[in-house]
Amino acid sequence: MTTLDRLLTLLALDSLPRTGWLQAGVPAPESVAAHSLGVALVAIATADRVAPPLDVDRCVALCIVHDAPEALLGDMPRAASRLLPEGAKRAAEKGAAVELLGSAERVAAQRWAEYAQGVTREARFARACDKLHLGLRALGYARAGLGELTDFSRGVDELDCGEFEPLEQLRAELSAALRERLDRR
Amino acid sequence: MTTLDRLLTLLALDSLPRTGWLQAGVPAPESVAAHSLGVALVAIATADRVAPPLDVDRCVALCIVHDAPEALLGDMPRAASRLLPEGAKRAAEKGAAVELLGSAERVAAQRWAEYAQGVTREARFARACDKLHLGLRALGYARAGLGELTDFSRGVDELDCGEFEPLEQLRAELSAALRERLDRR
Amino acid sequence: MTTLDRLLTLLALDSLPRTGWLQAGVPAPESVAAHSLGVALVAIATADRVAPPLDVDRCVALCIVHDAPEALLGDMPRAASRLLPEGAKRAAEKGAAVELLGSAERVAAQRWAEYAQGVTREARFARACDKLHLGLRALGYARAGLGELTDFSRGVDELDCGEFEPLEQLRAELSAALRERLDRR
Amino acid sequence: MTTLDRLLTLLALDSLPRTGWLQAGVPAPESVAAHSLGVALVAIATADRVAPPLDVDRCVALCIVHDAPEALLGDMPRAASRLLPEGAKRAAEKGAAVELLGSAERVAAQRWAEYAQGVTREARFARACDKLHLGLRALGYARAGLGELTDFSRGVDELDCGEFEPLEQLRAELSAALRERLDRR
Amino acid sequence: MTTLDRLLTLLALDSLPRTGWLQAGVPAPESVAAHSLGVALVAIATADRVAPPLDVDRCVALCIVHDAPEALLGDMPRAASRLLPEGAKRAAEKGAAVELLGSAERVAAQRWAEYAQGVTREARFARACDKLHLGLRALGYARAGLGELTDFSRGVDELDCGEFEPLEQLRAELSAALRERLDRR
Amino acid sequence: MTTLDRLLTLLALDSLPRTGWLQAGVPAPESVAAHSLGVALVAIATADRVAPPLDVDRCVALCIVHDAPEALLGDMPRAASRLLPEGAKRAAEKGAAVELLGSAERVAAQRWAEYAQGVTREARFARACDKLHLGLRALGYARAGLGELTDFSRGVDELDCGEFEPLEQLRAELSAALRERLDRR
């Protein structure tokens, strides 16, 4: 694929709704693109307070490519991960990343691989931001009265963000706010 | 899961858009539920003209359950089938069917298994209706000016419906109508 | 109309939202197509437990055509039935069914007529599934926090499914679950 | 109904899509509310050029209530008018108007009745604006590439707006612009 | 612009969602067009009970043009008014009104200017209807469980409609109904 | 605002449609969030080929915050810029950026300011990516048959990306592909 073909294929992220929200009954939920941006915004809003310092900009770059394969594969929800054979989803994502982000010497491909491996501190940070954005989006829907969100709230309770203090603080606030909202219903 | 839990989970078919149409740029495309119904309507509109006779009602029942697993798995597009390891998608669907349609003595589970195996004439007929409905929906979008449909049109050209004469006739009409529409653009 | 013309006209079921949900404030509600499929899924999930046995596949076929006329007529809500002259809606549906499903010797037309007359056990069963799917969809919306559903909940309370034991059991579960949800709000 | 109940019921006009556009394959088409406003805007943009002078403001008031009954009845498309018994739709609309707009001494009810009777010059003008707005909206969709619009274009060709010169001029422009657009496709 | 160009540009009101509702998390909220119609319906449902009498039809005409500039400018939410320099929004609206509604001798332009100046009783009445429709729409969403509406509810509490008795009564009913709904959540 | 409040406010980017596409008649167009992500993807797919080298990750970070103020202000289309007093939009964006991204020592605020000033090579590059993404999205819509895109196509023709060779190459490809598509219609 040329760069133009890749970018045209990636446009599909605009219109792909996140499957998990549909299954939770949220009407017209966020797209995969909106989620990817949201994760990057969580990262840039918190990474500069982490000690020892992170490469904030690289964290952002990891976030914006982490779900790029979904432009080809669609957004497979939690049940798909559970029901597909071990490693199958990961293999498909790797293949899709090569098609969409190019060979290993390209920066986009390097950032995706770093995120997927989850070894560097920046990658671990970006992965935690991905989980926290799920909780943030759940709180947004909870405040607007939308969706069946108990499982999402529990997910935030059980998250471990201890490695990055600003994320742990955000997690605790999200957890408390979600519980308070959902109890009220 | 109880019957009620299963039926509540199957409601997700309402709001899951068919991923392939999103990737082709069709705005607000049909849901998986609408597709499943559409396949069944193709079947009931043509099966009674097939010789030797088919069990029309069983054909319909095969159609309405054939995509039920997507309520759990989401709608994996063509590229997912290509990029997942051989047999992975099929295995996940089988697992989802058990959760959603029950054990092997239930009629719903039997109909899904018959469709998946594709051995009986009714199953082969229902599978052809699934493909034809894709062409029908493409023609509908083509007439409304929506989406990039060349690949879908080619798919209809290459389909082989020779076993069932009324389907072969419908295929030929769809093929001609799609080509005429897309040439005009 | 040719078979192809009929099938193209029936595609409109995809995009017709159910008017009653719009009036109840549910955003982006199910289509008529999704409802028709849902009724068929209720049928296939329960019909094989009915004694004495039903023709399960014919029940399914009755369900998938029962709202076909709405492709021409739109989805007239309860208030339309109340305000139209006696018998007017039924007459229009009969005319639309002839255009969309063909003459009396076609299976699709026979199934629609059987449902409309409501005389056979299978037809009575399918009609009960139609009502129960309304309750099921209401419960789905209630769990997602959507819509003003008190009237729908009352409708489930007042339904009589005594003829078919698995439906009566489902009705009771729906009724209890709806009441519990709506009280909480 | 109290005034508040009536106004709450009329909110449904917001979310009711115009059925004819859905049947023509237009994705996410205008609501009945948007159509009603659009008719009023056509009226106010042209009525002050009509000779002899019209009561411009009353024309506007006729337009904004003309489809109010659809809040209860839904939007019945052309085929419904054709297939319902003679006079049935009109009777239902009259009943709905009484519930939604009040008794005969209220201005809203008077404006609706004047439009429905179509006797005064203002009513004939408002009814012509209703038809022209259909053509205008069709041209908007044609320019955006949406929907199968040949029938709508023909409708504008056949309209007779000779009584009101500014409307006849607009009709001619719409007719030419629609034909030019649709020929191009 | 010709009249046709203006009317085509005004079609954008159909698809512009009201930004404030999006920010409050309401899914698929009313369009600017639907809001404009709704304000006019509040006016016609109440103006004929005001003493001394108002020109009811002119009130309606003021309502239908009041947001016309948004077809060019988009719907700027409350925060935009707060953050733009004093008078900037008003100046832009005035410029847009000239482009969309024509020069000062046209009735549409006169009605917009009368509303914008807010001096006549009819203009003050129409402006109060604009505010009340916000409360009405909020109550509709509250009854359907949608959106974070506390600020909107407070807005209705603080409104002063004392000049027009039927509006003050409606305001009081809205205020009570909103508070009751929101407390329940 | 706390970090959590800011992130909750930024969620609105998910559901804000880009006003320009609505005005061009594109149904259900991309959100501001999807646009922001898309600009960042254009940047990461091309920046590593620019000579002399750019800070690729910082380019990405500039892109993801550049439209953050729209979470408060809504998406003001081209006509708003034209009709608002000189500098008014910029002032409002600056105010919104402070509320949403924090004070000047925060990285998010620094990236936004760098983009807004447009002085560094990275900022000029990100601004060019913003313009090119508009052309890319237009080509995506053109291929799907959606929207009236002539103005957007002309915009790509007139763009000057000469400073960054990979962007100039992409611009030329977009320009040719858009012209070819739009001529065909």
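Order as written gives the chain letters A, B, C, D, E and F; numbering starts at 1 within each chain.
We take it that a contact is a pair of C-beta atoms (placed from the backbone, for glycine too) under 8 Å apart; a residue touches a chain by one contact, two chains touch by 3 or more.
Bear in mind the structure is a predicted one, so any value in this text is a computation, not a measurement.
Asker: By label order, what chains touch chain A and chain C together?
Answerer: Shared contacts of chain A and chain C: B, E.
Asker: Could the interface between the copies chain E and chain F be described as same, meaning over half of its residue numbers are common to both, or is it different?
Answerer: Same; most numbers are used by both chain E and chain F.
Asker: Measuring centre to centre with CA averages, how many angstrom lie between chain D and chain E?
Answerer: Between these chains, centre-to-centre, one finds 22 Å.
Asker: How many Å are there between the centre of chain C and the centre of chain E, using C-alpha atoms for each centre?
Answerer: Once rounded, the distance between the two centres reads 39 Å.
Asker: Two or more other chains touching the same residue: where does that happen in chain D?
Answerer: Residue numbers touching two or more other chains: 15, 25-28, 140, 143, 145-146, 185.
Asker: Could you list each pair of chains that touch one another?
Answerer: So, checking each combination of chains, I get A-B, A-C, A-E, A-F, B-C, B-D, B-F, C-D, C-E, D-E, D-F, E-F as the touching pairs.
Asker: In their complex, what parts of chain A are in touch with chain C?
Answerer: Residues in contact with chain C: 24-28, 145-148, 185.
Asker: For the complex, give me every residue of chain F touching chain E.
Answerer: Against chain E, the touching part of chain F is residues 9, 12, 15-17, 19, 22-23, 25, 27, 71-77, 79-80, 83-85, 87-89, 91-92, 95-96.
Asker: Along chain A, where are the residues that touch chain E in the complex?
Answerer: Answer in residue numbers: 26-28, 140-141, 143-146, 184-185.
Asker: For a test of understanding, state which residues of chain C touch chain B in their complex under the given definition.
Answerer: Contacts found on chain C: 2-4, 6-8, 10-11, 13-15, 28, 30-31, 33-34, 36-38, 40-42, 44-48, 55-58, 60-61, 64-65, 68, 101-102, 106-108, 111, 136-137, 139-140, 143, 166, 170, 173-174, 177.
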